[in-house]
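Each of the two complexes below includes subunit A, the first together with subunit B, the second together with subunit C.
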Partner chain A sequence: MATTATLTLTSADIAGDPVNVSTTSTFTQAGGTVDMDQISYMKVNLGSATDKVLIPASHEYNTINSNKLYIKNLSTVSTEYVTIKIEGSTGIPFGKLYGGQWAFFPYNQNDPAGLIEVLPSKAGIDIEYIWIHENVDILADD
Partner chain B sequence: MPTTTAAISLSSDIGESSIAVSNTMTLYKAASATEGMNTMKSVRKILSSTYQVDLAEYSEAGSTGSTGHNFLYIKNPSTVAGEFFRIGFGAASTNDSGVIVEELGYLYAGDWMMIPWSAVDATYDVMIWPSVSTDMVVEYMLFS
Partner chain C sequence: MATVTAGITLTSAVGDLTTNALSLSDSTSTTITNMGTTGLARAKVSATAVHSTATILYTADDYAAGAHLYIKNTHGTASEYIWVYDDTTSGDPVILKMAGGDWAFMPIKGDKTLKAYAPSGNNPYVEFIVYGTDQ
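Here is the complex of A and B:
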């Protein structure tokens, strides 16, 4: 069992010489060699242009883990964007994904309110996301 | 205008049905479908303490403020499984008195990440916190 992600960055003209970076990661649970063992794959319409919680709150927050999150803005309109935010004590809207753009990053909910949220620039934007996570007690109790 | 592309190929057989996703994006400036990001900064740093420090200050970004739009690639090239960087956003700092306002996650040995970065102001610096003080190397590329 394995989960891998390869990134290829290329540009023929952003520098005097071509840029070509390729890297592959095989994801394991924190600090070891055990494969990641849980995954969630969603395509959703974000509905209204208000904050949406992407990953449900966990009562296992602030645990050391190797969880990863992939998000893509499925819009084909270059001006339509989704703001990615970490909620929490202050809330940090750290970046925007415009139509067709994606992000991939580690995500550890480090405090009870530190949720990943997305804020669409208009109603009706579709996104897809993949959450790769390890065997924490990830679902909040009812 | 330069053209830079970033392609991801993600595959997993965690579930009974395997998942394979491949996507390529062009690094355009904010809200553009024609104007590519036209500056790049490629850095390799050696961090020799476990202090939390700025990896990239917001002022390094070519696009800042409420409409800021840059892309940031970070890699932990360590081959020691237990070595990680904590990545977050916060205020400028040169030592452990800095404040990670919000932590994003743990970047373990061999892991990489690629994020859009608004670089709105000094509270949006990208901060890093090595797990060990024995000369951990980090690599990053900033496109603006």
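Here is the complex of A and C:
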């Protein structure tokens, strides 16, 4: 029993010879061998073109825990993008995910004030994201 | 012009994350005129903190916005971390803490130098490639 992510990266013309990369990661809780055990899987409309928090800033949530994040921009327009922001209290712009593209990365918060945000290039973009995590109470208390 | 196809398959066994098994597959192709690449590289990560000797993964402005990074910590032990940081932004913020065996595939803006270090001092290896529009 395990949760895994496999990447395949192929190109026939990026170099003189074809590039083919295939690699698999088996998810474990931070630094150990225990399987990851929690998931949040959502499709959301980002609404207005302002910053949206995907993983909130919280020492408890992230700094000592293992997190894996998959994000896909569901727009079918290749020029529409969402900027992924990682760490820093206001989020540091890291990369732009254009329509149809996806990203996957581990996240183990370094800055206790840090978070992961996305900033859509226009209002109304849908994204899909999967947050696989451990030992995190993600539901706000009433 | 060159085209790169990136695919991902996420799977989870029965009872692991949810009661039922999960499986998700996705793939996207990117075609770029004037594509440049670092080439697929493997490097030892010797630095144990932010330092000029940290392993350079990408140099700012080599490629335009919309570049992509694939990176893997090839170490077989989960507790053997490699940290990737932004060497251009003030404070050298850590972007990724990659456990042994972790990989990432993500877009990068292209205007930040990215470096890696391994706090353990055990010299793990990193595998990576960056591609984007040459400028």
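We take it that the second predicted complex is superposed on the first by the 122 of 142 C-alpha atoms of A that agree within 3 Å, B and C clash if a C-alpha of one lies under 4 Å from a C-alpha of the other, contacts with A are read in each partner's own complex, and residues count from 1 in each chain.
As a convention for this text, a residue touches a chain if its C-beta (ideal position, glycine included) is under 8 Å from a C-beta of that chain, and two chains touch if they have at least 3 such contacts.
Everything numeric here is computed off the predicted structure, so don't read it as measured data.
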{"item": "Clash-or-fit label for the pair subunit B, subunit C on subunit A", "value": "clash"}
{"item": "First (subunit B), second (subunit C), both or neither touched by A:28", "value": "both"}
{"item": "Subunit B versus subunit C as contact partner of A:39, first or second or both or neither", "value": "both"}
{"item": "A:6 touches, of subunit B and subunit C: first, second, both or neither?", "value": "both"}
{"item": "First (subunit B), second (subunit C), both or neither touched by A:79", "value": "first"}
{"item": "Doubly contacted subunit A residues - partners subunit C and subunit B", "value": "1-15, 19, 21, 23, 25-26, 28, 30-33, 35-39, 66, 70, 72, 84, 86, 88, 92-98, 100-108, 110, 114, 130, 132"}
{"item": "Contact footprint of subunit A on subunit C as seen in their complex", "value": "1-18, 22, 24, 26-28, 30, 35, 37, 39-40, 65-70, 72, 78-79, 81, 83, 86, 89, 93-99, 101-109, 112, 127, 129, 131"}
{"item": "Partner subunit C, residues of subunit A touching it in the complex", "value": "1-15, 19, 21, 23, 25-26, 28, 30-33, 35-39, 66, 70, 72, 84, 86-88, 92-98, 100-108, 110-111, 114, 130, 132"}
{"item": "In the complex, subunit B residues that touch subunit A", "value": "2-15, 19, 21, 23, 25-26, 28, 30-33, 36-40, 42, 69, 73, 75, 81-82, 84, 87, 89, 101-108, 110-118, 120, 123-124, 141, 143"}
{"item": "Residue ranges of subunit A in contact with subunit B within the complex", "value": "1-15, 19, 21, 23, 25-28, 30-33, 35-39, 41, 64-68, 70, 72, 78-79, 81, 84, 86, 88-108, 110, 114, 130, 132"}
